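Chain nomenclature is as follows: A, B and C, assigned in order of appearance, with residue numbering initiated at 1 for each chain independently.
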Amino acid sequence: MELYEYSVSALKKMLQNKKVSSREVTEAFLDRIEIIDGKVQAYITKTAEEALKKADEIDSKRQKGEELPSLAGIPMALKDNLCTKDIKTTCASKNLYNFKPPYSATVVEKLDKNGAVMLGKLNMDEFAMGSSCENSRFFSTRNPWDLERVPGGSSGGSAAAVAAREASYTLGSDTGGSIRQPASFCGVVGLKPTYGRVSRYGLVAFASSLDQIGPFANTVEDVALVLQAIAGHDPMDSTSVDIPVPDYSEALQGDIKGMKIGIPREYFPDELSSDVKDVVQKGIKKLEDLGAIVEECSMPHTEYALPTYYIVAPAEASSNLARYDGVRYGYRDKDAKNVLEMFMKTRNEGFGEEVKRRIMIGTYALSSGYYDAYYLKALKVRTLIRRDFESAFEKYDCLVSPTSPSVAFKLGDRVDDPLAMYLSDLFTVPANMAGIPAISLPCGFSEGLPVGMQIMGKAFAEETILKVAHAFEKNSDFQGQKPRGVE
Amino acid sequence: MNQKYETVIGLEVHSELKTNSKIFCDCTTEFGGEPNTHTCPVCLGLPGVLPVLNKKVVDYAIKAGLALNCEIASFCKFDRKNYFYPDLPKAYQISQYDLPICKNGKLEIEVDGKKKTIGITRIHMEEDAGKLIHQGDKIAEAESSLVDYNRAGVPLIEIVSEPDMRSPEEARAYMEMLKAILQYIDVSDCKMQEGSLRCDANVSVRPIGTKEFGTKTEIKNLNSFKALQKALEYEIERQIEVLEDGGKIVQETRSWDESKGITVSLRTKEEAHDYRYFPEPDLVPLKIDEEWIEKIRKTLPELPNERKKRLVEEFGLPEYDAGVITSSKALADFFDKCLEGYDKPKIVSNWIMGELSRLLNANDLEVEDCPIEPQDLVELLKLMDKGTISGKIAKEVFEEMFATGKKAGRVVKEKGLEQISDASELESIIEQVIAENPKPVEDYRNGKEKALGALVGQVMKATRGKANPQLVNKILKEKL
Amino acid sequence: MRITKKDVEHVALLSRLDLTEEEKEAYTKQLNSIIDYMNKINELDTEGVEPTAHVLPIYNVMREDEVGESLDREKVLENAPEKENGQFKVPRIV
């Protein structure tokens, strides 16, 4: 077995027992990237030099017998919307093609203190808007299971890098499914924590009331380890909650006998492809076999979540992306004769089609005369969606559904049909609207492509969904399959 | 002004709060640093940053609300006001829209002895923008501009009045009273020249007797009391002229051009303003309970009107004097300090309202920057009382003190200004004056009492004003 | 409710996007179909429902009024497309 194939927890033990050095592990991943990334195209920026420097630092500390934190010496990579001091942070946008932040995101600082070795920055849909990674202004990342297919999005690079073993774990961000949907498409585990669980400081904002940072890894145990390192209150983020962080690895122990799981029937609509449906239902059966009490339930406002999301998120985005005006950083149209022209041209050239589309929708929804009909109305519907979850969680410990209505689609298939693209977020958006945690984990295959199962939990009950996911993973028989596109 | 019309004025006043750090980050609020040295990722609006509210800003906003008799909201939130301008780093300003922290307040003003209450619609908290420096100074001519974000994120409160004012004088009185109150409660420096107190005026006119408001214009760039009054006077006349000529007032924003003494339209063709306010998702709402409000209420000092009453009742000052002295906290403090060492209130108020104010105005200084300390004035007054110097000389000494910062005693000594109260010294001078001025001497002796004045004047002239006037009178009468 | 090309032009100006003619045409079409889809929420009766602007029931998150370090000016201006005398330079305002 190659070093890059080990899980985070396995690498952790090997490093602790000095079976291997961080330099060796880091070099293994850097070599892997050299060989594979030409096909997968997960990385926007590679930081090999910095990675090796950090690996050596960790190794020398370990040699001296210093006590090291849990992720010390393990190579990882970050979605390119997480600010990294003095290292380009582009959001896959022309607007930020050369932007080097003078500060690091809180999660980046936390991982750094945890001894993490950063291999580079990962591709994404521009400003996290998209479901296929095709909206990157630089290039499209490929799905390691089938290089003709998309890895999902917007954190497509983060999912593909983990699937292709180009990083042992990665971070992404999830506003409407941007961690879970690509995790599902790439056959890896991806967690969107509760809104407020992980600091957003330094995450380039898309929709502030929905955005959350979360981990990708190949196992649930690894995801728990990474969550442990990034969770917690941050005085720099007023919306990060000041409550204790539980021991997530501890929470994985034990079985799920007697646990109550709701299956909302609205998450199995006619649009759902029958193979995805079959695979997920088999997965649910497995949970039942493991002793969970599974019951069908109803979440009546589910069908309104997506239209609501596509008002709320673009509205916030239209404001969050207003700052890319060419004055202080990033791209500027140099020929403009005056400031208005500079704003108009810089922004029109700097943003890609989908981003502009969403800015337009959001501006429209907030504009005078339409605010009440769209934005305010959407916030009210958001309340109804939250209430659906509140009443469901009175009865159930968690809710299980497919992560996305389909498996990974082909590159180019949906680029001309924005609405069709939006539909791949159908099942992931509600968790963002309600702010609750949700995880996607591999649950089987359809025609050789991974299918993801989504487990949603109560706010701040990441332990519960991790436990269910872990129990499922331990008892499934398809783990360890290697993505065909890169083997 | 045309007697057929009535003026309606409402003011929007922005006041920078004197916190140490900015409203959403910990950069200093200090005025006048090198450009862009008081900035950080947060106030520069870099990608990924988030605001964290400074508690002091809320405390100060509550304090201002209480001093202006407002209701303090038990629940309020922040909103984003979206617009593009190079001095606005995030291209939105964090402000408060539909749920401001204070509302329904009032303020009492006095114009020509008549008291009037002006309603305060609301007070809300927001962040200031940066500053643009136009190359060549004038925005219209500048080929390019430079942006300094030191001011971006300095906390502001915006105080919006009801359209209750009916003349430029009332608007000025409101503004002066508001400034006094904000200074009394110590939440703002209120330095109009530095822009820590700024004012926009909404003004319209309507035929007397009509109930509906006329179309209003908004006037910006009013950075002194004088500018406020002059701009309003101009704008009112302009509007009346338009109406008299059968025209219509266009609702628009106009800027006061101080040098030309006119208001000019700031309209741009396509700029329809649509701020697209929505709740700021990066900040959580505020709940303000009674306990918090009471804690702030306890810190409220004596306010201008209360203090004025005290000066009248306790020191027997005329209403007018008390009004002038309490119009500024610094002036009133100066007065109180003087009285700690000197017990003639009316004399102190005369000096403050007379010489002190005259010199401050002439030198364009605020009381806070006055080179003369209260105890210095007291020393001077005591020298006068003792007869060391005359009243006239005292004014000369005061000017010197003001100009050099020297103490009264030292000025008197250095310039040899002690009053001559030595009878023998005066006698010889007086004898000489009598000898040189036979005409008034004769007049006096013939019963013209007034002629004595001319002789006293000559003596004073001969002594360069240092002679003790009472003594001169006495000796002259004796000799004649 | 139909969105016209004129609406698109107005929204583009508010958004400071200098759309090409082609983009205007395309966005007019797309925005209409997207807004049609959004209109689904108008099926719901939300009379008396409180809007959710924040999912978390937290209030009064504040910091003390303490001054910290500002950024070095070199860092402040590092990413500036154009700078002069320690400031960001922009073309003429009017």
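To be clear about the criterion, contacts are C-beta pairs under 8 Å (C-beta built on N, C-alpha and C of every residue); 3 or more make two chains touch, one makes a residue touch a chain.
Keep in mind it's a predicted model, so treat the numbers as computed, not measured.
Write down the pair of chains with the top C-beta contact pair count.
Chains joined by the most C-beta contact pairs: A-C.
Per-chain Cα mean versus the mean over all protein Cα atoms: which chain has them closest together?
Nearest to the common C-alpha centre lies chain C.
Counting in whole Å, what is the centre-to-centre distance of chain A and chain C, each centre being its mean C-alpha position?
Chain centroid spacing, chain A to chain C, equals 23 Å.
Rounded to the nearest whole Å, what is the centre-to-centre distance of chain A and chain B, using the mean of the C-alpha atoms as each centre?
56
Measure off the straight-line distance from the CA centroid of chain B to the CA centroid of chain C, and report it in whole Å.
That pair's centroid distance is 39 Å.
Where in chain A do residues touch two or more of the other chains?
In chain A, residues 99, 102, 209, 235, 238-239, 318, 322, 325, 327-329, 339, 343, 363, 367 touch at least two other chains, as defined above.
Residues of chain B touching 2+ other chains?
Touching at least two other chains: 41, 44, 52-53, 84, 86, 145, 147, 274, 276, 278, 281, 283-284.
Can you list the chain C residues in contact with two or more other chains?
13-14, 16, 53-54, 56, 58, 61, 63, 71, 76, 88, 90-94
Residues of chain A touching chain B in their complex?
It is residues 81-83, 89, 91, 96, 99, 101-103, 105, 200-205, 207-209, 235-239, 315-316, 318-319, 322-323, 325, 327-329, 339, 343, 363, 366-368, 371, 375 of chain A that touch chain B.
Using the touch definition up top, name the residues of chain C that touch chain B in the complex.
Interface residues on chain C, with respect to chain B: 10, 13-14, 16, 53-54, 56, 58-71, 73, 76-77, 84-94.
Quick one: which bits of chain B touch chain C in the complex? Just the residue numbers, please.
Result: residues 19-21, 25-28, 34-41, 44, 52-58, 77, 84, 86, 132-134, 139-140, 142-149, 268, 270, 272, 274, 276, 278-279, 281, 283-287 of chain B touch chain C.
Sort out for me which residues of chain C touch chain A in the complex.
3, 7-8, 11-20, 23, 27, 30-31, 33-35, 37-44, 46, 49-56, 58, 61, 63, 71, 75-76, 78-82, 88, 90-94
Across the complex, what residues on chain A touch chain C?
The touching residues are 98-100, 102, 195-196, 209, 235, 238-239, 241, 301, 303-304, 307-308, 310-311, 318, 322, 325-332, 334, 336-345, 347-348, 351, 356-357, 359-361, 363-365, 367, 373-374, 376-384, 386, 418-419, 434-435, 459.
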